[in-house]
Amino acid sequence: MSAPLLETRGLSKHFGGVHAVAGLDLAMAEGEVLGLIGPNGAGKTTVFNLLSGFLRPDAGAIRFRGGSLLGQSPHAICRRGLARTFQIVRPFPRLSVLDNVMVGALARHPAAPRARAHARAIVERLGLGAKAAQPAAGLTLAERKRLELARALATEPALLLLDEVMAGLNATEIAGVVALIREIHRGGVSILITEHNMRAVMALSHRIVVLNFGEIVAEGAPAAVANHPRVVEAYLGEEYVAAPSR
Amino acid sequence: MTSSPLTRRTFLKATLAGGAIAGAPRPLRAQPKPFRIAAVHPVTGPLAEPGQACRLGAQLAVEAVNAGGGIKSKGGMPLELLLGDTQSKPENGRIEAERLVNQGAQMLLGSFDSGSTAAMVSVAQQKRVPFLIDIAAADPITANVARSVKEGQQKVQYVYRNFPTGSTFGRKAVQYFTEIFAEAKVTPKRVALMHCNDLFGVNQSRGFLAAYKAAKPPWTLLEDDVIPWPEPPSDLSTEVARLKALKPDVISPITRPASALLLLPEIRKQRIESLGIVGPGSPGLYEAGQIAALKEDLEYVMASNPWPNFRSPKTQRLAEDYQKRSGGRLFDTNSGYSYDAVFVIADVLERAAKLDDPDAIVEAIQKTSYTAGLMQYGGPVHFNEIGDNPNAIPTMIQILKAKPVAVWPKDAALQKFVFPRPKA
Amino acid sequence: MSLLRLDSIEAGYRDLVAVHEVSLQVRAGEVVALIGGNGAGKTTTLRAITGLLPVRRGRIELDGERIDGRAPSEVVARGIAHVPEGRQLFPTLSVRENLELGARDRARRADALASVFALFPRLRERERQLAGTLSGGEQQMCAIGRALMACPRLLLLDEPSLGLAPVMVKLIFETLATINTDGTTILLVEQNVARALALAHRAYVLENGRIVLDGPRAALQQSEHVKQAYLGL
Amino acid sequence: MLFGGVFSLMAVGLTLIFGVMRVVNFAHGDMMVWGMYLAWLMATRGGVDPYLGFVVCAAALFVLGFVVQRVLVQRIVDAPHEMQILLMLGVALVLENLALLLFGPEPQRVRSALAQSTVWLGPVFVDVARLIAFAVAVLLTLLLSLFLYRTDVGRSIRAAADNPYGALVIGTDVRRVYAVAFGVGAACVGAAGALVAPLLPFQPPMGLQLSVASFNIVIIGGMGSLLGAFVGGLIVAVAESLGAVFLKPSLKELVSFSLLVLILLFRPAGIFGRRAS
Amino acid sequence: MRRVAIAAAVALLAMLPLVPSVFGSYAVTLFTLIFFYGFLGQAWNIVGGYAGQLSAGHAAFLGIGAYTAALLSVERGVTPWLGMCRIIVSNTEALGGAVGYYITFTGDPRQFQFQDARAYYYVALVMMLAVTGIVAWLERRRFGVYLSAIREDESACEALGVNTFRYKMLAMMLSSFLTGIGGAFYAFYLFSLQPASVFGIPLSVEIIIRAIVGGAGTVLGPILGSFILSPLAELARYYFAQGGWHGAHLVVYGLLLIAVVLFLPEGAYPRLARLFRR
């Protein structure tokens, strides 16, 4: 196997006395879809914040495309090709949908007209074309989730971190997002996804890492992980619950 | 307290009436059209107090001129004041001057603080409207215009000032200090200068220091230990403690009314022994309200200020009138100089060949030699090549038995000064 | 007669109509569940009942008395207590202060507090602790306790299981059953459909702001539509 | 240093209003000036010593604050932040110039028999008036915290400050709570005004300066934190007098300004502030 | 329609150059100050409106600009035209001791002084239009989009590759630079400079309230605000400043300000834009 796309070694972060992430070793190959699951408070969002530069790890290393991400600011990490979405969607409410996506596009296309054209293409591709000129504040939750995806995608990432993009969506909407993620993956983007909707994450991921109390408790192919006793214990058989964490 | 709300109401009524008289056209007899003067003063904002005094002074003067038959050489033409408010902000000096000129003002009068006065200068020069500065001390206001006329950039100077300049203040104060100390047969070795750290206080203290350096008098100013305070202050105890450490023979403060209310009681409380308090000239040390509030703390305090000539019965009569109309305020520097300015304008108009030509008015201004002023002058009001009145000078006044009294120079004195201050 | 009756109400935010012609009834002593996906209008319906959102059309009656158009303070005074989504506690106030703020009636406050502590012994242990420092489950207890302090006739609950560990969800739902047995009527909004249906006597299914299905618990548990859309089966 | 108590009281009023309504009361200083003038009116017309009269001043300012909130601020609670600032600036302008119209421009000072005397405490002598002002201000701040922590209304105010939506949901009449909170904040600054009226000469235009001083303290102490405002007031007063002793007196104001800049650089949420999450 | 609104505004602006030939010099002065405040409001708008960073210390930049231009001119004979371009280089050493400068009135255009007050009118107009043009241009460019996004959500911006610190800094620099230019104009229009008036908080307030009344973060907001508030101030002064009721006109102005806020709680421009959209 060639050098991994993303690799963490001994990644640790604690808040006060709580070890949110404890010595995490994670590796992802180019083109992979990796599912990161675990019960609430397992440390998934902290991992995302560490990878994307919003938090500084207490210890450990992060390497991405052969270079270290330690000490890099979020915007620099984004420019290196690692984009993320937020669990609680954060659109720019008073900006139009197109301008929202354009903020992402400008990272690759400094000239406004080109960025706008690029943003428009992505908006169309994600099915938000009809709403392009509307302020983002007026979108439904499902549309906001798509917008969140569109913005991240517009930065043309090599790796996309998706934080609970399906939380709060109904079955039809979830199906739509799953299809969309598949399509994005086909376009050559590697994906790291956390999700409470087991069916979706099992269906999407090539490999799954289960996190509990900041540590990896299981790792492997979706089917194998689903039957792992420690995973069943952690989830208490609540696999059909689509409740988002807080 | 003299200005309780009740008398305030009468004051308001009085000024309102004054405004109406001065402001309304008078259709009574077949009089000629009134000559309109724009009177711009800071009647709101931080400088509202002196600004309102200036306005009332000017209003009383206009009433007096009109009651005396107006401008006789122009068929009894009355004067009319158009009132402007700078709100203590320079840019309003300009826009108010413009507005009033637009409403028909043919001359400008104003405006107490040097910033808005300078802003009015541009209106005067650009629109050719003669401007008599009643109060504003900064030297460059007139000097800069005079220079540009001299260098040929401007044809005519439209700006004149009947008020002591900053440098005059300093020079005269040092002179009076020297004379009074000589008369009292003392030579203080430690005169401590204190001042409010605003534009006025800084300029005033600089003028005083410069004049001291130039005059080299026998007494000694503690030049390296000048004590400033932020204006308005919330507490002067540390400043006064520093003063006490200097062991001053004479305390020489440059105050504003608000800071004087803090400074003098603090000096008493900290029990600083000195020959007396003699200021180089500032407000806060003589006003009726200040005397009422400070009482014995202000007794024997001296300050070198422009001052009305109370030996003249005319001044006394007007001062009484002013006190009634203002709800108990004293006729002093601000009301007095604005009052005189209107009379100087009346004198100018009397002599001007014609009134529809600003240059003719300017010509008359330049030939002024007016002697009937209510203020204490060093000679007739006239204007030198810079446009200033060299005879506009301060007088040393002292609070004696809760009344401000002129005590120096000798020919202006109503009483002999008391210095050193008697021990309580 | 029903305790609460919604008669084709319409409510929403600015340009957006979130619920259309929703009609439902809650009889005294019942537990009624309102289920549906996110954005279906469940929270909006609850907010409209409490007066937190204006009702644009239709009417809401409590015990035959019209309550739409009234301020939340009046609605609460009439006997409806609302446990909002996300708990909405006062994080820098103590647990006890949070609870006491829920009381409408000073005279009955001590009794109410005692019964809430009896229901949630955990809250008594944490009485002096700041609400912001509680765990998620404890916060949910505190929020329910705060609502019970008003001694309501009708308790509205918005997603009480949200973000809680399964053990805690179980505990909360057991307590809700007790509360109902003690005589408080409950209208429950819940995404954890299985749990909700296990507790409720009847349920309404809301989709895109409209009621699409309603009936007794058993009927909905058997419904193919519900199974597919919400139970993940 | 002894001004610290009054500084604290003034800042506590501001931080209370901000903490509850997220409205920056730009008319705070002008409300204080009105407190001073009311004390002056009572002293000159009724012979009431300001150390008693402050109660009336506080009550009057409570009404003013209550009305301002009910009639004006309540209408634009949902408008952008800057519009609220604008509104309060309008209120400040009206208050300042009404004072000018009614009371005239001269600096005033209330004479209290107490303001004249001093006592010696060891090596330093202390103004009795300042000592009283300090003591009363600290007492009032304590009373305020008793009010906020021990009464139902006070608890509602803290609850609404903590989570307005939560307060609404449990049936609190949030509008009334807001008006009471604004009133209490105004009452604090009114009392502060009355307490310093014998110490500090006042004029109508002083309001802005006092507002800015309050903002500095509140930012240093932490926006919305009562303890922060209280301690901030003391810190600023101490820093200013220390600055005056060790630096040129003219730099006194620079001291609190530098303190502000330092705080903004190193603890942007203030000493006792919590970062907004 | 947004376009209609802009077209109407442009048409109105196009008429402005004609003002001096139609109206008297009072109107010219009034408009000059409206333009001046429109200019400063627009400069503030970049940081305060678009980037959402409320900056009350703006007057400090105006002050530094004005002082530098004046000092260069008064003490070194450097033309303010040049001074305007190098304002950003502040002369702190000279500033420290400065307590008020008075500028010699020369009427020499090379000294940025004009015998004819109309010249200031055109300079102020051009300044206002130029800065508005710059802002309108930037609004559709990367810079403008980034600033608006920063106002809405800073950390979301970071996640999308925006160096928020850098753009806030750039906005601040541009805004300060423009404000400094305003300062130079101020000094040579009013012929004097004093720290108390130039550096004061009241001036910051004057600048900011206009932009807010018009609508912060919109292209035409600051100008609209200036056109609304300056005439209101003049009206209040015209009708209420005579007679003995000192301060009555400011009470009235304060009440007008309150009324404006209550009736236009989002600012004038958004309301106007909606009117046109209907």
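Residue numbering begins at 1 within each chain, and the chains themselves are lettered A, B, C, D and E in the order written.
The rule we apply is simple: a contact is a pair of C-beta atoms (placed from the backbone, for glycine too) under 8 Å apart; a residue touches a chain by one contact, two chains touch by 3 or more.
Remember, it's a predicted structure, so these values are computed and weren't measured experimentally.
Participant: By label order, what chains touch chain A and chain B together?
Facilitator: E
Participant: Give me the two chains with the most inter-chain contact pairs.
Facilitator: Here the largest contact count links B-E.
Participant: Taking each chain's centre as the mean of its C-alpha atoms, which one ends up farthest from the centre of chain A?
Facilitator: B
Participant: Using each chain's Cα centroid, which is most distant from the centroid of chain C?
Facilitator: Taking each chain's C-alpha mean as its centre, the farthest from chain C is B.
Participant: Based only on mean CA positions, could you tell me how far chain B sits from chain E in angstrom?
Facilitator: Centre separation, chain B to chain E: 35 Å.
Participant: Could you work out how far the Cα centre of chain B sits from that of chain C, in whole Å?
Facilitator: Distance between chain centres: 75 Å.
Participant: Chain A to chain C: how many Å between their CA centres?
Facilitator: 32
Participant: Starting from the mean Cα coordinates of chain A and chain E, work out the distance between those two points in Å.
Facilitator: Distance between chain centres, rounded to whole Å: 44 Å.
Participant: Which chain E residues touch at least two other chains?
Facilitator: Expected reply: 202, 245-247, 250.
Participant: Give me the residues of chain B that touch two or more other chains.
Facilitator: 11, 44, 48, 52
Participant: Considering chain C alone, which of its residues make contact with at least two other chains?
Facilitator: Correct list: empty.
Participant: What chain-chain pairs meet the touch criterion?
Facilitator: The list of touching pairs comes to A-C, A-E, B-D, B-E, C-D, D-E.
Participant: Could you please specify the touching residues of chain E with respect to chain A in the complex?
Facilitator: 140-142, 145-146, 148-149, 152-153, 155-164
Participant: For the complex, give me every residue of chain C touching chain D.
Facilitator: On the chain C side, the touching residues are 50, 52, 71-73, 75-77, 81-82, 84, 88-93, 97-98, 100-102, 104, 106, 146-147, 150.
Participant: How about chain A: which of its residues touch chain C in the complex?
Facilitator: Against chain C, the touching part of chain A is residues 39-41, 138, 140-142, 167-171, 173, 199, 235-236, 238-246.
Participant: For chain A, which residues are in contact with chain E within the complex?
Facilitator: Against chain E, chain A makes touches at 52-54, 73-76, 78-79, 83-84, 86, 90-95, 99-100, 102-104, 106-107, 110-112, 115, 151-152, 154-155.
Participant: Under the touch definition given earlier, write down the residues of chain D that touch chain C in their complex.
Facilitator: The touching residues are 152, 155-156, 158-159, 162-163, 165-174.
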